[in-house]
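Take a look at the structures listed below.
Presented sequentially are two complexes of chain A, the first with chain B as partner and the second with chain C.
Let's look at the complex of A and B:
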């Protein structure tokens, strides 16, 4: 649960901050949830899974056929389709 | 809101307080979940720091050992995931896993099946001797031993070994955590078909039992996509149909399962695998069709957890697969097979012209079964099969397991069901009744694509609460099966006519 608060953040402090949506974060980079533009049931489901404001999310792998992408969030791995991930605003430091 | 004049004073006060707040429901929920997660993180941090402090004896916050061991385990997990969800290897691994599953079932079930058949039919002979010794009337002996007992024995001998192998293996995969990866790999196909990615989970369940698969469709939230998954679940061959597919594939495409014939077993496995893939392709096509016509709508959300892999627990797997699945399905099949066997025996032994008394042994000719079969014969031939097989499919509505036994009883009617203890003798009966590889192929395709069994239909009715959808779930697959079989049989006839 505590992995986001450990070392890497400090060394990347000087890198430019990119604001985008979760579906555009490159695999392996750590992003932070800044806003959720989703409504209703999906919003609740994503919140319950840990996509809360300020949460750290990392895209870890893509499906062989390209679409759902698995994200590491709050110590769990959750797969989202591109359309859903596009509703999650994030910021990450470019490497 | 109610009229303030009729409300108690404390409610008026509350309402006034509430109107001063500007937050809406969504904000409250977001705030609650956010706080929960922050608090949980604080507690987890405190715990791991405390643990680290206790372990090292230092007070400074050191990196938690719990976290590092979690990282190690995660790398093992994620390396396996890298392989199982890799662009090409992931899909090949899926096929490989499925193929190995079928191969083990097919090869492993052959010998115990024969042994069990010999045992049970031997017991049947002993029962017959007992009836004769007691001077029981012929019809009673026929009804109880030749009808009920023999179909029961057939179902047990043919179904128990493959189920006892397939279900534990499948449960092993399930327990290991592989199934969500399959859904992850295939979601894109389902999305393009207008269906839900979790449909591959309900399909996997359908391999065990379509009724279970239909119930599993509850995991799909959107009613539209749930209906698609329910209606198309029957295109996945369940365990009641696997033995039929495996037996026919071994006999007609795998050199009839002669012991030691590895190449034959591989060929038969390939045929079964191809059938399953055809079933998946039909599922996607029919889903697309439904999503484009009666079940139109926007795709719903897809959120799938990929839990960490777990080392399977053999004990739990055995208990769950043997008791919850194998015995459950077998009991159901047996409960249906016995009365159905009696019914078929009556149909095979009562002749239409002589309904006054039940004869001990109507000799072929115009028994009810042969009359029904000859009525269905033209349609059966059109579909590349014959009247007896089609009768078997219709009478087998309560349970797919008994389609082949009924067909056999029809062939060997008048109560002289040959003792079909191995695949070799089964082949003998079928070939003697004009079966070719084409017949076998059409029967397998029809079995793969036709209407779901009675239990599944009942389950569909219970799950959807609609006669209309239940009817569609029966008619649509039947239409697909009829079309495919007619095309295959017609195509084969054309080829034969063109190249005599």
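Let's look at the complex of A and C:
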């Protein structure tokens, strides 16, 4: 479940920055793409879908078995497999 | 009456895609309609073609594509509705169809319908189309929805930055479509010559692309944008080589 954040913006900035891969971001938290470790067609595909450096990504829904997960990116919702999301480096602020 | 359906009607000799835009359609300009999924592309298509819409097949391709006739101010345009895609870099059958049409059928102009509520996502396709052909017109659709979300887009500034005409529209209500057709006709007639601002890649990529493009020139014979083909070859895209090979066999 996504938790609406009630904390003011100032304390948000104080939270520790977590660097991980997109598959490990908790549902509802906003992450930022920092690097893509994938190559070839899959890399091209993810770039075309909006997973470019600096893009904001939010996991919005996870399927019952935990894979795939739906991500909101650049105004659209895109479902990725865990192996694909694991190739996308992100950072987010822990809540 | 002769219309665009003649291209695919039985008994007619197959039309070579390379010639489709000029020979097969009895002189009518051909305008491709590209766009991301869910941008209102089909709404634009239906509004511009009215009831003259029908499905057609592009020779050599089994997947249906929609062609329609757009009549405006005594002029007739053949409008070709391409599959909705995020990209032209051939990750899927739809992208191969859209790309091959723009590349090989060489439409007289290409409209890219973009969603004003998430412009950034849509500009990727605009740049990809502009890398293949300069004759691009952007239809900035859904400006009413964007406005409701508090998004106001400066169309003239966008046109300046992209180097191509940008026409704001609300296709569902028919707003902006007259201007869109007028702009497309101006591009078709050469009264407006878009000069897209294209992405520049890293120095070594550009140097190699230029070298490969020079080597490709005698092979492509002006039929394809050689810089674009060179970039695809550097990227290692196997589908473009396959499509070129098919064109050579067909042609």
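Note that the second predicted complex is superposed on the first by the 84 of 95 C-alpha atoms of A that agree within 3 Å, B and C clash if a C-alpha of one lies under 4 Å from a C-alpha of the other, contacts with A are read in each partner's own complex, and residues count from 1 in each chain.
Please note the rule applied: contacts are C-beta pairs under 8 Å (C-beta built on N, C-alpha and C of every residue); 3 or more make two chains touch, one makes a residue touch a chain.
Note that the structure is a prediction, hence the values are computed from the model and not measured.
In the superposed model, A:49 makes contact with both chain B and chain C.
In the superposed pair of complexes, A:81 makes contact with chain B only, with no contact to chain C.
By the touch criterion stated above, A:16 is placed in contact with neither chain B nor chain C. Between chain B and chain C, the partner in contact with more residues of chain A is B.
In the superposition on chain A, A:41 contacts both chain B and chain C. Contact with chain B, but none with chain C, is seen for A:65 once the two complexes are overlaid on the shared chain. In the three-chain superposition model, chain A touches both chain B and chain C at residues 41, 44-45, 48-50, 74-76. The part of chain A that touches chain B in the complex is made up of residues 1-3, 5-6, 36, 39, 41-50, 52-55, 60-61, 63-68, 70, 74-81, 83-84. Put simply, chain C touches chain A in their complex at residues 86-87, 89, 91, 115, 117-118, 120-121, 124, 235-236.
Of all residues in chain B, only 26, 29-30, 33-34, 37, 40-41, 44-45, 48, 63-64, 67, 70, 78, 81-82, 85-88, 90-91, 184-189, 191, 197, 221, 299, 301-308 touch chain A in the complex they form.
Note for the complex: chain A touches chain C at residues 40-41, 44-45, 48-50, 74-76.
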